[in-house]
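There are two complexes below, and they share chain A, which is joined by chain B in the first and by chain C in the second.
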Partner chain A sequence: MTMPAVLDPDSLVIRSLPECRAAAEERFNLASWPTRNDQEWRFADLRRNSVDGFAASAVLSTGRQGPWDAVEILDLDTALLRHGERFGPAIEESLGSLGAARHLAWGLKSENFRGECWVIGEDQRLDVPLQLDVRAAGPGHAAWLSLVLVRRGASAVIWEHLSSAVGDAVYLVNGTVVVVEEGAEVKLVGSQELSASSKLVNCVHVIPGANAKVRDVRVNLGAEWVRQEVSASLGAKGADCELFGLSLAGAGEEIDQRTLQAHVSGGIHSNLLYKNALFADARSIFSGLIRVDSGAHQTDAFQSCRNLLLSEEAEANAMPGLEINADQVRCSHGSTCGQIDPEEVFYLRARGIPEAAARHLVTLGFANEIIGRIGNDSVEERLSARVEARLLALRDQKV
Partner chain B sequence: MLFSFGMDCLEIKDLTVAIHGQRILDGLSLVVPKGEVHAIMGPNGSGKSTLAKVLAGHQDYEVVSGQVLMDGQDLLAMEVDERSRAGFFLAFQYPYEIPGVSNANFLREAVRARLGSGEEIDAVSFYKRLYGLMDELGIDRKFTGRSVNEGFSGGEKKRNEILQMAVLEPVYAVLDETDSGLDIDALRVVAEGVNRMRSPHRGFLLITHYQRLLNYIEPDFIHVLAGGKIVRTGGKELALELEETGYDWIKEGALATA
Partner chain C sequence: MSEDSATLDAVLVDQSQGNFAYPEDYELDAGRGLGPETLNYISEVKGEDQWIRDFRHRALEIFERKPMPTHWASAELDEIKFQEIRYYLAKGRRPTRSWDEVPEDVKRTFERLGIPERERGFLAGVEAQFDSEAAYSNIKEEFDKLGVIFVNSSEGLREHPEIFRKWFGKVIPSGDNKFAALNSAVFSGGSFIYVPPGVKVKHPLQAYFRINAEQFGQFERTLIIVDEGAEVMYMEGCTAPKFETATLHSAVVELVAMPHAKIQYITVQNWSSNVFNLVTKRGLAHEGAEIRWIDCNIGSRLTMKYPGVIMKGRKARGEVISIALANTGQHQDTGAKMIHAADETTSNIVSKSISIGEGRATYRGQVHIPKHLKGCKNNTECDALLINSHSRTDTYPAITVRGNRHATQHEASVSQVSEEQIFYMRQRGLSEAAAMSLSVNGFVNDLVREFPMEYSVELKRLIDLEMEGSVG
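Here is the complex of A and B:
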C-alpha cells in the first residue's frame, strides 16, 4: 500500500468541509485497496473489505442523551474553520494510517458523509455521559466523523453507539479524533451493534496533551466485518493513555483490529488491553504496535490481547509488536489465546450452577473485565446488559 | 464398617479412586451421619484431597469401584452441579478465581439455580441476608462487588468459602484443609462460622493435616487416612495423640498390615 507523501505540515491544515472532501479525494486516489502483500492487512480475509455494490444511500439518524446543552456543538465546516490546525493533520494523516486509508477516504469524500464537532469548555466537568446514537438505515454506505476537543482542565465521558437494523446491509465508515488539552480528562466509549450483514471501518486517533488522560474503549457487539484502527499520538509530558477493546463475534464474522501507541516523547504511560470472545467460526486479528521514538526515554507502555475461543472453529490471530528506539523504557506486550478454564467451570458447578450457566458466567466475566474499565457506572450498566444479551445470542446461535 | 445408616447420612462405601491410572483411594469406607462432625486427618499424599474432589465430582478422577450415598441417593451418579443443589458442599482447599464475575453475581446465580421455574430471587432479602452473613464472618461488604476470589488473600478466600457455605446451607459439607494458610484470628472466625452452622440436620467432614483446627471445631469422630483407606477411628483425643506422635507410626503400621 502506498501512502501519500507528506511534504509540509501546513498542507495538512484543513479549513473547511470542502477542503476536507478534497483532501479525502486526493488521498483516495493516492492510496490503494489492500492486497495480499500488505503487512497492514496480514491475516485479513480480503474479500470482506470491498466497497463494491455499496451506494451512498444509507440514511443516518442521530439521537442524544446526557448534558449536551453544556457542550458546544459545531458543524464540521465551522469546526474546521476554527480548529483546522488541531484536527486537519489527524484527519488527513492519522486516521486510516494503519492500513485503511483508502476506505476512510472513500467515506469522507462521499456525499453521504456527516459529522459533528464537540467542544468541552475549559474546566468544565461532565460526569454524566454524553451519549450519541448514530443509527444507519440501509442498504448502502455512509460516513460519520466525530471531532472532540476537550479544553484545559475539563473532563467528560463520551459514548458513541452505532447501530443498524436487522437485515440492513450497511457499510459504515466512522472516524473519531480526540484532542485533549493540558490537564483534561476524557473517557471515550465507541460501541457498535450493527446488523449481521453490516461492515464497519472505524478509525480513532487520540492526542492527549500535557498531564491529560485519555481512556478509549471499543466495544464490538455486531457487524459481519469490522476493521478498527486506533492510534494514540503520545508526545506531551505526563500524558496518560489507556486503550481497551472488547469484541464478541459469532458465525461468519471477522474483527480486524490494528493499534498504535506512538510514544513520541518520554515519560508517558500507555496501556492497551483488547479482548475477544469468539464463537462458531468467528475470526479475530489483532496487530498492535508500541513505538518508542528515539529520545522518548522513561516510556512506560503495555499492550495485551486476550482471546477466548468458544468453539473449535474460532480463530484468533495476534501480532503484538514493539519498536523501541530509546533507552530506559519499560515496555511489555503479549497475547493469549485459550478456552474456558474447566477448573473455573467446575468451581461454579460445585456451587450448583448448571454447566451452561457456568460457562456463560465465565464468558461474561471475561467480557465484563473490559466493561468494568470504562469507569462510569451508567455506561457500564447499560453496556453490560447488551454484552450479556449478545453473549446469550451468540451461545444459542445456530450455525 | 459396612453397615448402612440409610437416609440420614453421607455414606462412603468401599471407594476406590484412581487418577491417571494410579490408585489414590483404595477401598475407603466412612459414614457421616447428620448432626455429627467428623474429621479426617492424615499425612500428605494419603488421599485426603482426592476424597474431597471425588465427592464434589471433579472430572479428573476415576471411580474404579465403590459407592457414595447421600441420604440414600447415589451421589456419584449425579452431575457436579446436581450434587450441590441436592445439598452437598465442598469448601475448596484452593478456591478458584473467576475474573470479572462479582461475588454477588456468583452467589445470586448459585441461589437462583436452587429455585423452581418461575421463582425469582427477592433482591432485598438476598442482600440483607448476605450482608448479615458477611458481617458475622468479618468480610468487608465491598467484597460483594469484587471478582470472585481475585486478588483475595489466602484467608479471604477461605472466609469466602465459608460465606458460600452459609448462603447455600448444605446438608453435608466437606471442608478441605480450610485451616491451611490461616492466621489464628482468621482461623477463629472461620471456625465460628462452621460452629454456627452445626445442627442436627447437617453433617460435616473436616479434612485437615493439623490438629489446630480441631481446637476450634470439636469433632465427634476422627479418622486417620493412610494409603487410601481409613486406618484408625477414634474420638477427639486421637487428634492430640497424632499431634504428639506424628504420622510416621501410622504409615509404618498401615504398610505393615497392607
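Here is the complex of A and C:
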C-alpha cells in the first residue's frame, strides 16, 4: 500500500455524494485486506472479516423517535455541498484509519450506501434524545453513514440503534462523524442488536471544538463479528472527550475494538472505559492508543479496559497502548481480565439469592456501569432493559 | 591567575576517560561478513563436533530466510550492515585459568572499567569476558566440590555434552526470531552453568563483558541449568568503549529451572551509544520453580530485549523487573513476555523507564494464558518518567486470557518530575540538576534495591552521570 507522504487538505474536501463514492473507490483500491502481519489486526480471527459472498442486497429502513422536527436533516449530497470541508477529511482519512480502511471504503463505494446529516442549530438545547433506528433486512451488505454537526453552544443526545432480523446474514458498514463546535455538548450512543449471523464494521470519528464536550457510548448486544474503530481528534483547547463501550458476547462471537485518543494539542482531557462480558467461547480484542503529540503539554488522558470472563472457553485480548511525545502530561492506562468475584456471589447467596441469580446480578452490575455513564435517564432505562434481556439469553448458552 | 588555572583544571576533565580503546592485536579473526565459511572457521577454531556445526548451518539458513521484524519494530534495524561485521575474534583459544596469566593490556582495561580486585576474591567465580572468548575464568575449589559447572559455551558443549546438549537451543530455538537465528549461527563466548540438585550457590556468579574492536559484534550464548531445589544468582554487566560506527550485540540466554529451583539473572547493560543490542532471553520454569529477570538498560543505541518466562510446571513463578534509561540518540525498546502453561502459575512485571532529552523508551509486553488452565495470575506495572519536552515514551502491552479462572491486571502511567518536589529540594540548597537526579533516583529506588549492593551503587552513579546536563 502506498500513500502520498503529505496529503493536501484541499484534496480531501468532498462536495457531493458522487465525489464521496469516487474517493471511497480510490481508497478501496489503495488499501488492502488485513494479513497476518498487520499490527492493526493483531489477535483478530482473519477468517471473519471477509466480505466475500455479500451482495449489495440488504434493505435498510429507518425509524425515528424524539424531537427530530427541531433538527435540520440533510441528505448526504446537500450536506457535503454545504459542509464538505468539515466532513470530507474525516470520511476519507479518519474513518477506518485504525485498520478497517478497505472495509469502510467497500461500504461507501457501494450502490447500497445511504446516510444522513443532522445539524443541531446554534444554542439549541435538546434534552429529549434523538433516536434513530436503522434496521437491515438481509441477506447481503449495506452501508449507513451519519454526519452530525453540533453548532456552537448547542447540546443534544443522539441514539443510533442498529438491528437485523433473526436469521438474516447482513454485513453492515456503519460510519459516524461528529463535529462539535465551540462550547457545544453531545452525547452519542451507538448500540446494535444485529442477528447472530450478521457482521458489523462500525467506525466513529469525533472532533470536539474548543471547550466542547463529547461523550460516545458504544453498546454491542449482537452480531457474530464486530470490528469497531473509535477515534477522537483532540486539537481544540479545553475540549473534553469521554469514550465508553460495553460489549456482551456469546457463542461464536468476536468483538474487535480499536480506539485512538489523538491529543494533537495541549490542555485537553480525555477518558476511555471499555468493558466486555464474555460468555461461551466469545472473543474480545481491545487495542487502545493514547497518542500525545509533541507540544501537547498539559494533557490529561486515561484509558481502561475491563474484561469479565464468564466461561472457560472465553478469551480476552487487551492491548492498551501509550505513545507520549510531550511532557507535563498525566496519562495512565489499565487493563484487567477477571472472573466474577466469589465474595460478591457469597454475599448475595447469604441473603437467600440462588447462585445463578447472584451471578446474573453481579454481571448486570458490571454492565450497567457503562449504561449509567450515558447521562440520559430515558436512554439508560431502555438500554438497560435490553442489556438485561441479552445477559439472560447469554447466560444459558453452551459452546 | 592561579584561581583561573584552578577553574580551568576543574573544567578540563580528562575527556578520554571512558574511551577505553586499546590497540587491537587479535590472534584469531574470522574476517568481516557472514557466510557458511564464517561458521566453518569458528567451528574449526573451536574444534566443534559435527552436531554443533550442523546446528550453526541450519541457523544461518533460518537467519537468511527470516525478514527483519520492522513491521512492528524500529526501522533503525535496517541500518545494520551484516556483511560489514566481524563475527569472530579471540585473544586466545582457551580461557586463561589464573589471574596472573591474563594479558597485561586486558587487565588494564578492566582496571579502567573499575572492577575492583577485592570484589573478585569476594565473588565466587569470575568469568571475565574479553571480546568473544572468556579471557579470564576462575572457579573456586568449593564449586568443584559442590559439582557446580561454570564454563564458557565452547567448553560446556565440548566437555559436558551430556548436561548441556539436552537443553541447548530448546528454550529459544534458532527459529524463534531473526537475531536468535543469527546468534545460533555465530555464537561464541558466554557462560554455561549447571547447578546440581539441592545446591544453593551462596555467592552470585558474575561475568563482565566488553567489546573492544570496531564493528565487531558479540554473540555470546548463555545456558544456565539449575537442578531440582537448587538456587543460583547470575550477574551480567556490560560496558563498552566508544566507537564511531554501529556495532551489533546479539546474545541468546536460556535458563532452565528444574522443579523448585530458583534462578535470578541480573543484567546491567551499558553499551556505548552506537551499539545495537538485540537480545533474546527466556527461561523455562518447571513445577514450583522461580525465575526472576532483573534487567537494567542504560546504554546502547537501540536495545530490543524482552526477557521471558515460560511457566511450564504447576505453581511456577516468573518475574521481570526492568529499568530503562533512554538519553538523546537512544531507543530502549524493552519489556517482558510471560507464557503461562500450567495451573496456578503467577507472574509479575514491573517496568520503569526514564526518557531524557530526545531519548525514547518503549515498553512492549506479552502475557499469555491459554485455555483449560486455572488459577493463573499476572500483574503488570509500567511507569514512565519524562524529563524533557522532547522525550518520548510508548507502551504496547498485549494480554491474552482464556477462561474464567484467572486474574490479570495491567497498569501504566506516565508522569514527569513534579515541580513541587524540585522546588522543595531547591529551597534546601540543592542545585536543580542535583534535585532532578535525586528525584529520578527516587523514581527507580524500589527497583534498584532489587540489585545486589555493588550494582545498585553503580546504578545510582550511572543515573547521576546520565542526568548531567539534562536540565537547565
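By definition in this document, the second predicted complex is superposed on the first by the 391 of 399 C-alpha atoms of A that agree within 3 Å, B and C clash if a C-alpha of one lies under 4 Å from a C-alpha of the other, contacts with A are read in each partner's own complex, and residues count from 1 in each chain.
Convention: a contact is a pair of C-beta atoms (placed from the backbone, for glycine too) under 8 Å apart; a residue touches a chain by one contact, two chains touch by 3 or more.
These figures come from a predicted structure and were not determined experimentally.
Once the two complexes are overlaid through chain A, chain B and chain C fit side by side, free of any clash as defined at the top of the document. Shared-chain residue A:Asn307: touches chain C; no touch with chain B.
Contacts of A:Gly53 after superposition: neither chain B nor chain C is touched. Touch criterion met: A:Arg351 reaches chain B, while chain C stays clear of it.
In the superposition on chain A, A:Glu315 contacts chain C only, with no contact to chain B.
Geometry note, superposition on chain A: angle between chain B and chain C about the Cα centre of chain A is 80 degrees, to the nearest 10. In the superposed model, A:Gly375 makes contact with neither chain B nor chain C. Contact with chain B, but none with chain C, is seen for A:Gly365 once the two complexes are overlaid on the shared chain.
When the shared chain is aligned, chain B comes close enough to touch A:Glu343, but chain C does not.
Taking chain A as the reference, the larger set of touched residues comes from C, when chain B and chain C are compared.
In the overlay built on the shared chain, the residue A:Ser335 is in contact with chain C alone; chain B does not reach it.
Here chain B and chain C sit at a least CA-CA distance of 16 Å once the structures share a frame through chain A.
Overlap of the chain B and chain C interfaces on chain A comprises no residues. Only residues 37-39, 42-43, 294-295, 297, 307, 309-340 of chain A touch chain C when the two sit together in their complex.
Residues of chain A touching chain B in their complex: 341-344, 346-355, 357-358, 361-362, 364-369, 372. On the side of chain B, the complex with chain A involves touching residues 56-59, 79-81, 83-85, 90, 92, 95-101, 105-106, 109-110, 113-114, 147, 164, 168.
Chain C makes touch with chain A in their complex at residues 71-72, 371-372, 384, 386-416.
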